[in-house]
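Labels A, B, C and D are assigned to the chains in the order they are written; within every chain, residues are numbered from 1.
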Amino acid sequence: MKKLINDPSNVVEESMKGLARAHADLLRVHFDPNYVVRIDAPRGGKVGVISGGGSGHEPMHSGFVGYGMLDAACPGPIFTSPTPEQVVAAAHAVNGGAGVLFIVKNYTGDILNFDIAAELCRDEGIEVESVLIHDDVAVEDSLYTAGRRGVGLTIFAEKICGAAAEAGLSLAQVAAIGRTVSERGRSMGMALTPCIVPAVGQPTFTLKEDEMEIGIGIHGEPGRQRSRLLRADEITDILATTIFDDLPFRHGSEAIVMVNGMGGTPLMELYIVFRHLAELCDARGIAIRRSLVGNYITSLEMAGCSITMMEVDDELLRWWDAPVRTPALRW
Amino acid sequence: MISNVRVESAVLIDWMLRFADKIVENKEMLTALDAAIGDADHGINMARGMEEVRRRLATYADDDLGALFKTIGMTLLSKVGGASGPLYGTLFLRMGVASVGKSELTDGQFAAALAAGVDGVRQRGSARLGDKTMVDALLPAVVTLQQALDDHASLCDAMEAARRAAEEGMKATIPMQASKGRASYLGPRSIGHQDPGATSAYLLILSAAEAICHATRSDAIAEPHPG
Amino acid sequence: MKKLINDPSNVVEESMKGLARAHADLLRVHFDPNYVVRIDAPRGGKVGVISGGGSGHEPMHSGFVGYGMLDAACPGPIFTSPTPEQVVAAAHAVNGGAGVLFIVKNYTGDILNFDIAAELCRDEGIEVESVLIHDDVAVEDSLYTAGRRGVGLTIFAEKICGAAAEAGLSLAQVAAIGRTVSERGRSMGMALTPCIVPAVGQPTFTLKEDEMEIGIGIHGEPGRQRSRLLRADEITDILATTIFDDLPFRHGSEAIVMVNGMGGTPLMELYIVFRHLAELCDARGIAIRRSLVGNYITSLEMAGCSITMMEVDDELLRWWDAPVRTPALRW
Amino acid sequence: MISNVRVESAVLIDWMLRFADKIVENKEMLTALDAAIGDADHGINMARGMEEVRRRLATYADDDLGALFKTIGMTLLSKVGGASGPLYGTLFLRMGVASVGKSELTDGQFAAALAAGVDGVRQRGSARLGDKTMVDALLPAVVTLQQALDDHASLCDAMEAARRAAEEGMKATIPMQASKGRASYLGPRSIGHQDPGATSAYLLILSAAEAICHATRSDAIAEPHPG
């Protein structure tokens, strides 16, 4: 295992310390329980937007704490959802009297911990709403399973809910906008290489030189299907077509599009994928209104990419375009 | 006939220390099981929680079993995270609710408390038998425990039967396709692997059987020569 | 070789196409000869700031084209400096009558090609100044060698010269500021893994599981020294101390600091390194005035990091803080 | 005595086509040499350039050797990049300056043009003998060529001597520590590897010797039976 770390059991805390030093103008960190919070929290009368989840997906979530996006992030251990204690402490830190919104990715662990946190917050008189993100089209959407995983769309929800909260909308309104985001977005990812959880020291799966995994999540878990290594355009075809057909995105749809790197893939390759995705959108008459290309929701050093697309109207675009000032997203 | 064990604080703490030891010993194994169909952290998660439980119980004094179980439950809830933290946390919190104000449990009370805990797990996670989760080990264990007590077995014997049921339940997860938790994302690829949570749950029941039978033997030895 | 590419010989052009689609509001691209240019170039009366070099270091340079930074970037093939033809064409595209500044990294290939380009531009009546970046303290600084490589400080020079040019300073002034940057900055890097040039298909060197390279450049070349794998803090000690002692940075120095990822290292690890670097600066009384943590100048998918530090005064800080709007840097 | 060869457009184009073939054939080898002490692109760079030279020369008609060399030089300059592009580009541009207006070169003119080219390389890169660069193959070659012609050798024989000198110069780079170019960053670690640029330079001189000696033989065969 080759990593720039000191001790596998301290990676989350040490990196939080570095984050705090590097972005002291935007955020501060709290330990035991661990959370990252906007420098100016709590803001009276403003809905507090909170997300969280396992670490190892940086910059998500901590890198999106700041003006116009998250009020707080609760980083769990690597790939392990945070505890209710963390979430409750973060809720206290950001609650300005207008309630808090939890943006929760659809994993059993995240849901259970955020649900318990919500119960505890409500017991203490803090109003809570939750938005569930479950955008991964690689996973079957069935009543008899845990449903679809929450992946790249989380960034979109954090940006858009953050903007709405910053504009002073009510908790119910911000939550409603978050649910619209959740309905309109779809994602799918693939991996060229696995990743190594520091405390484990071994890759969670292995792939031969000529193999790849299609339909992976963001926790180093194997995907839905192993396949021989394809060219970038063929991979893009598979991911994009599955996404297009699922929502579906149609001729005339307008979309915000993200080509996301899993952590170990060079930016150059992500642009190669974006290039073909744009060609496919052109061919289908889908208009790309905004885009992100880069590492936004990663799996440690995994090589690979994911595509996220969300159908938008002018209102969602306005929230997207609203100013944001965080370590990893700013305009 | 073996004397009835007194399920009091010391026995339950012994249960937890044995469970902590087994979790730590089997940390890599549990993580490896989770690597196959999950995200390779179950052993790490459980060890983080149970080491903290062990620390807190080292100086634990309160006789009230409700408080004891609540401490265990809250510790797991605030240290484990993931799916297993809230689930095991809930199990002990519910056992605590069932034990409030008591400093010892009868056989039947113990079985009922454990059943309440497992019921809490089912409610929290809404998993059913066959979903390939810890419920597949826990539920057969509490059902068998109650049955054996109804059949007038000693608590030690009943727990041994429950242990066997948990073990079978754990092994039965191998051919299952997961429909709850992270393994469900794998669809048919989840088949052929033993569920990590069912495995730690088996260790929980195994530890309980050991602690109870150990206490029973100690009591049996102690009784003929009362202080 | 596991990469999201189609054909090794098209990676640069395909990724330029993706870049152009993703950032059509900021830049456009030109092929044959290849260059990336600000959407509003040429701007009358403004000095044109141009850089370039081999590809494979993304986001550098193309990701820094935009308002307040580069007017144009000339991407060569992977790890190969661009040709004079590219540079001359870019100079024509950005020249607004106030001349152009070349920011050149100290490699024989870059110097030769930019020198020839400068000669050709001057023949055509375009005023040219060059700033040479040679900040890599891993390399001996001697009159009898090619001197020190240009690495991370290039980003600082591009940002600061870009701001000065945007403010309307003359070519001589912008070049003078660039030379100040060049004098005051130092860098050093290390690798945990090598990288694979697509057209080669093999790593340029190999490292055992317990080995790392200290003092690497950015072209997949081996470093000055192979060592056993150390902990993040020990690695940071080596890089930082070499940099501190070289300038030297003293008690009371103020600095802009970058912890840069080589491409395959997760952000979390870079923050762990930054954390310790900040501790070392605290201990020496060096004030970190601004910082960057992330992938800014990479070597394809290489895992590892580099540290860059530049001593600053209030004037340099003002240029650093001036607004910038590029794909990879914006504030 | 072997007749004097007429160094005209066809011979020089033959030289370039042979050089292009050898570069393409040895692309991997040159890149591997560059991987050891550089950045693994020398073969790729040279092949990109020489394939373009080959394409342009396929339909090349102009008899003026100055124009021919300029075309070659500009092609390399605008296609190769890196250190080798401007250096080889300069070599041919300088040969072009030395050949302007001529449609054929005498032995001495050819040697002088090549010497001017190599001198251009030295000026551009300011490398000296022993710096572990292409100069270590090129300089011995032009010195030996001039010497052999001064000693009245035929151009073919003189080029064969030059080829041997280039080969020795190329091999002599192995024990050198680089002090120019990318390999110099390696310090002592550059020792023990053959310089990639010296290797391509050897192929250049080898191709020239082959083209000239081939033309000499063709002329020799052609001469006894004039059209």
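The criterion applied here is as follows: a residue touches a chain if its C-beta (ideal position, glycine included) is under 8 Å from a C-beta of that chain, and two chains touch if they have at least 3 such contacts.
Note that the structure is predicted; figures quoted are calculated from it, not measured.
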Hey, how far apart are chain A and chain D in touch steps, shortest way? 2
Please identify the chain with the largest separation between its CA centroid and the CA centroid of chain C. B
Report the inter-centroid distance (CA atoms only) between chain B and chain C in whole Å. 57
Measuring centre to centre with CA averages, how many angstrom lie between chain C and chain D? 34
In whole angstrom, what separates the CA-based centres of chain A and chain C? 29
I'd like to verify one number: the distance from the centre of chain B to the centre of chain D, where each centre is the average of its C-alpha atoms, in whole angstrom. 80
Residue list for chain D, restricted to those that touch at least two other chains: none
Draw the chains as points, connect those that touch, then say whether the picture is a line, ring, star, complete or other. line
Among all the chains shown, which pairs meet the touch rule set out at the top? A-B, A-C, C-D
Where on chain A is chain C touching in the complex? 1-7, 11-12, 14-19, 21-22, 55-56, 58-59, 63, 192-193, 209, 212, 229, 231-233, 235, 263-275, 278, 288, 291, 293, 295, 298, 300-301, 303-305, 327, 330-331
Residue positions on chain B within touch of chain A in the complex are 31, 35, 37-41, 44-45, 48, 77-87, 89, 124-125, 179-182, 184-187, 189
Residues on chain A engaged by chain B in the complex (per definition of touch): 33, 54, 76-85, 107-109, 112-113, 115-116, 138-140, 144-146, 149, 197, 199-200, 202, 204-205, 217, 219-222, 224
